[in-house]
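Lettered A, B, C and D in written order, each chain numbered from 1.
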Amino acid sequence: MSVANKEFKPLIVAFCCNWCSYAGADLAGTSRLAYPAEVKIIKVPCSCRVNPLFALRAFQKGADGVIICGCHPGDCHYSTGNYYTRRRITLLYSLLDYLGIEKGRTHLEWVSAAEGTKFAATMNKFVETIHELGENVRLEDLRCKSE
Amino acid sequence: MHGNNDYQQEQIRTISGAEDRKCMKCGKCSASCPSYDSMDIRPHQFVSYLRGGDIDAMLSSKSIWKCISCFACVERCPRDVKPAQIIEAARLMVIRQQGENYLSPDDVPELLDPELPQQLLASAFRKYAK
Amino acid sequence: MQRIGVFVCHCGTNIAGTVDVAEIVEMAKPEPGVVHAAEYPYMCSEAGQNMIINAVKEHNLSGVVICSCSPRMHEATFRKAAEKAGLNPYMVEIANIREHCSWIHKDKAEATQKALTLTRAAIAKVQLNSPLFPDESPVTKRALVIGGGIAGIQTALDIADAGFEVDIVESTPSIGGKMAQLDKTFPTLDCAACILTPKMVDASAHENITLYTYSQVDKVEGFVGDFTVTIRKKARSVDFEKCTGCGACSEKCPSKKSPSEFDQGLCTRPAIYTPFAQAVPNVPVIDREACLKFKTGKCGLCETVCAPKAINFEQEDELVERKYGAVVMATGYEPVSLDKFGEYSYDSSPDVITSLEFERLTNAAGPTGGALTRLSDKRKPKSVTFIQCVGSRDVTQRGKAYCSKICCMYTAKHAMLIKEKYPDIEVNIFYIDVRTPGKAFDEFYRRAEDEYGVRYIKGQVGKVIDNGDHLQIQAVDMLDNKKMELQTDMVVLATAIEPVESAKSIATMLTASIDTNNFMTEAHPKLRPVESPTAGVFLSGVCQGPKDIPETVAQAGAAAAKVIGLLVKDKLMSNPCTAKPDELYCNGCSVCENVCPYGAISYEDCEVNDHGVREVRRVAQVNKALCQGCGACAVTCPSGAMDLQGFSNRQIQAEVDAICR
Amino acid sequence: MVYSYYPGCTLKTKAKELDKNARLCAQALGFTLEEVEAWQCCGAVYPMGTDEIATKLPAVRALHAADEKGQSIVTLCSACHHVLKRVNEDMRQDKDLRTKVNNYIAQEEEPYTYNGEANVLHYLEVLRDQVGFDNLAAKVKNPLAGRKIGAYYGCMLLRPSSVMQFDDPENPTIFEDFIKAIGAEPVVYPYRNECCGGYISLKEKEMAEEMAGKIADNALSKGAEVLITACPLCLYNMDKKTGETLPTVYFTEFLAEALGIKEE
């Protein structure tokens, strides 16, 4: 992993659907596949539970990247949930683009329960991207900073 | 040469608007073709040659002068591949080159007969020459 | 403010090896709401669970955070423990500090820091948890099966044998479906009627099964465990109780010109008829469109000859309302219309027939007594040609993009049936690919060529030309790239199959979804293949996708097992993590209703009290028995009225905030 | 009803019978054909290449001329009909082509934009949908009773059916209905929608003769005494092969004869 800025410890929020991606993350753990500790996972029943506002909220509170993981298209436990997610996140990309927030800070990935390797690889790659993008200063509400 | 081939392959795809990747090799295009017996490369082979990038074979084939654009293959293809449009694109690729016309005005007098309709000359020139 | 207890598990050294457990305990204590924090080597052990139970009682805890392995591992364990302690099980949250932390990080400081963040997120969430209670709903211990073909019959028999009542609704006058029309079945070549008719009789004789033939489903209300269905029993014009099935009426009926549905229109039937000799029930119906009495008022011959006086011209449709706990779709298929496939000359030539017509033609009980003859001139054909994939694997407007699955096998069967009876008839089969996955299937297909000398030719036919005394096939043999102008006497088209048209409207009544080809959608394509996404609705047979008889019977049994699993329960407990609307915020826009894959949301006029103003508004209502808790509606709601219990907007935001702190 | 009329190159020369009788019959049947002013040859074959622009312009100009008058544009020749109909559909569906064509037109003396607004009709469609075959039958003065006529559709009127929307491409009936309306007996034969060889007859005379021969044999075997067509090239190819055993005539000639207005 090429780390541009040694000091920079990004803060990354990952939303994982209960049925595929959260289980994929579990499998990454069981297989001892390392990915940076900066990634913190929040469990949701389905990727379609992720309101794009949660991502904005995370950025506002100082997150440097938000990644949403769901079942592969066609495999959604709720049949069609990830299709909603795909459309919503596409709109979120446009919105962030419009706001001047780098598109790379948000990412949508399909990870199945069997793809522990993919989960770890995805997280490694995403953290790398965030390292390249650097700290999120544009959207962070500085009034929220504790110090 | 291979790079050039890739370019020609894409050219034919663009000009034809045909979708060789959808083909399931059922052969219905050739089975419907009234010119089949006169062709050296058959309609279904045009699709598979395009798919495989064998463009030279398509361009040097005599079949491009035998297809009558009757659209029987287009009409009946279950995969919406449009083989006639691939053949048309190959023909255009050839006649758009200098000196490659298949019909010249000099040939015409000896081909004429008193009943021959203007429509035949117009369409033959459209198909055979640029 | 909750009174929260935090329990950190060492998991031996699995967690404690990388995460400083003691520090987590110490750092958790000052978190808002935390009144107790403790650690233990194995929290999931009985001792560990008792520790939690005692702490809940001792510290009067209202919420519990367990820092341990994945909730997919032990969430259920800890929820049960909390319940034992008198706590609502949904007041437990898990911080996954093993799979998501200790197992993937090596640096202890880093891992401890992350574990702390995850713990804080769980604490923040549990602050906002509220007790959730699963709903209980009663189960009507009766099932409805829609469709009386082999799928419906098998499902009904299996459910009935388990001791539950089943009703079969069948739209035609007899049960039996498509299988009753078939001659022999692949790959064993046993006679379809010989294996089906005993089942038909079993179904009609079974004390737990009620048959509603010549009937249709008019209306469905309710939900899993508690459906109310209105069945329309179409007027048979024959009294069920009095009819002895003697057949005198059909024999005497002067209007015998209607095409026989059962024989695919290859012959005619009287206006008063039973579809076939082994029909169950053996009670005729009057086709009022064809009956002279109904058309002209004159005739009534059947009434005269009916000794038991069973004919009743005044009979009207009867509506029956019945309650069911589960509904099984077994509506089956039809061959597609060949109107748009003019190149095969099906409409213009009597000697070009569909495979289903061929089944009747080769059937000993069929219109020719099983003799293979051309319909045009009654001549025995010298050559028969089969064309596969007619309308299947066709992405254009006129066809179906899917493979109809059964055609390769039945075509091989047809070819062998001909060769068996008439070894001198030449049989050619035009195919694109021969697909024979299935037990003993490929061997069967090979036999056609190897043993019976059937000729398989790779290539789709371009055109069939009717030259009067013979048919000409225009094709290309794709393997030697040669044009073929084959002369033949009869052409059989392996016509694509599609779900019956009525399946669509029935699915709509059941709020069950269908795909772009009108096949029923499964709850999960791999893991729940016999359930519809709508709870309490199950799928049997071709209504879900093309399949042959063995597969249909297997699926019918699977659907029955699922139904039995539902009906044995006295009460249904629903997952309490369901969507919940706030009536005050709901603006009645219906967006949530449109995204719900389960049809769980409806709109009702409700009286709401908006800050003292009482008024009737159209607001969203969630049926908890149907909601599966995906949360699509909560995100789509523009006014923020819809939320998901257990994963509420505020809870998830609290987690985000805690992580980003 | 007044229609814009696009005769095309051959109807002014070799296929005068097709043209003249169509105009006469239109009068008799109560509709008017107004020839498009300064029309250009459509090219006789549809330029299939997606990058062909200039070759589609003559059709666009004719289509626009009709649309400007608020009239549907009527054709007789199958080839003209095919080209006009397909170019019009392209102008409706293909945004890229539309832009490029309109860029050309913007350079013309009287620029305009054209987006496929015109309605393209074949004369037979006018008879079927506007006049009505029943109505036509009622106006027939000399029913061609006992004449066994085979309809020869060829390819260009029917295919591709998704664009042409003329009739069922494999089992068309419009010509047969027409034949019945003029009191004759239609002979249905399977090869009626096969291609006569088209332009191939200029250089590949044997190929074309073989194709025409197959069609004629098929029609003869079903009892046809004469074929009717709407296409001068079909007529040429068919007549060349089997003019003596099975003559081919334009459908408008029989129409005029049936209406009793044919000029000898």
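One rule holds for everything that comes next: a residue touches a chain if its C-beta (ideal position, glycine included) is under 8 Å from a C-beta of that chain, and two chains touch if they have at least 3 such contacts.
Since the structure is predicted, the reported quantities are computational estimates derived from the model, not experimental observations.
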{"item": "Between B-C and B-D, the pair with more C-beta contacts", "value": "B-D"}
{"item": "Geometric centre distance via CA averages, chain D-chain A, whole Å", "value": "62"}
{"item": "Centre-to-centre distance between chain D and chain B (centres being mean Cα positions), rounded to whole Å", "value": "24"}
{"item": "Rounded Å distance, chain B centre to chain C centre (Cα mean)", "value": "47"}
{"item": "Geometric centre distance via CA averages, chain C-chain A, whole Å", "value": "35"}
{"item": "Of all residues in chain D, the ones touching two or more other chains", "value": "169"}
{"item": "Chain B residues counted as touching two or more neighbouring chains", "value": "72"}
{"item": "Per-residue multi-chain contacts in chain C, two or more chains", "value": "343, 463"}
{"item": "Contacting chain pairs - touch in the sense defined above", "value": "A-C, B-C, B-D, C-D"}
{"item": "Contacting residues of chain D [partner chain C, same complex]", "value": "162, 168-171, 188, 190-191, 218, 221-222"}
{"item": "Interface residues, chain B side, partner chain D - complex", "value": "14-17, 34-35, 38, 65-66, 68-72, 74-75, 84-85, 88-89, 92, 102-103, 111, 115-124, 126-128"}
{"item": "Sites on chain D touched by chain B in the complex", "value": "8-10, 13-15, 41, 43-52, 55, 77, 79, 155, 158-161, 169, 194-195, 197-204, 207, 211, 232-233, 235-236, 239-240"}
{"item": "Chain C - residues contacting chain A, complex", "value": "70-72, 96, 98-101, 103-107, 110-111, 113-114, 117-118, 121, 513, 521, 523-526, 533, 577, 595, 597, 628-632, 634-636, 644, 647, 649, 652-653, 655-657, 659-661"}
{"item": "Touching residues on chain C, where the partner in the complex is chain B", "value": "343, 389, 393-396, 399, 432-433, 458-463, 474-476, 478, 481, 483"}
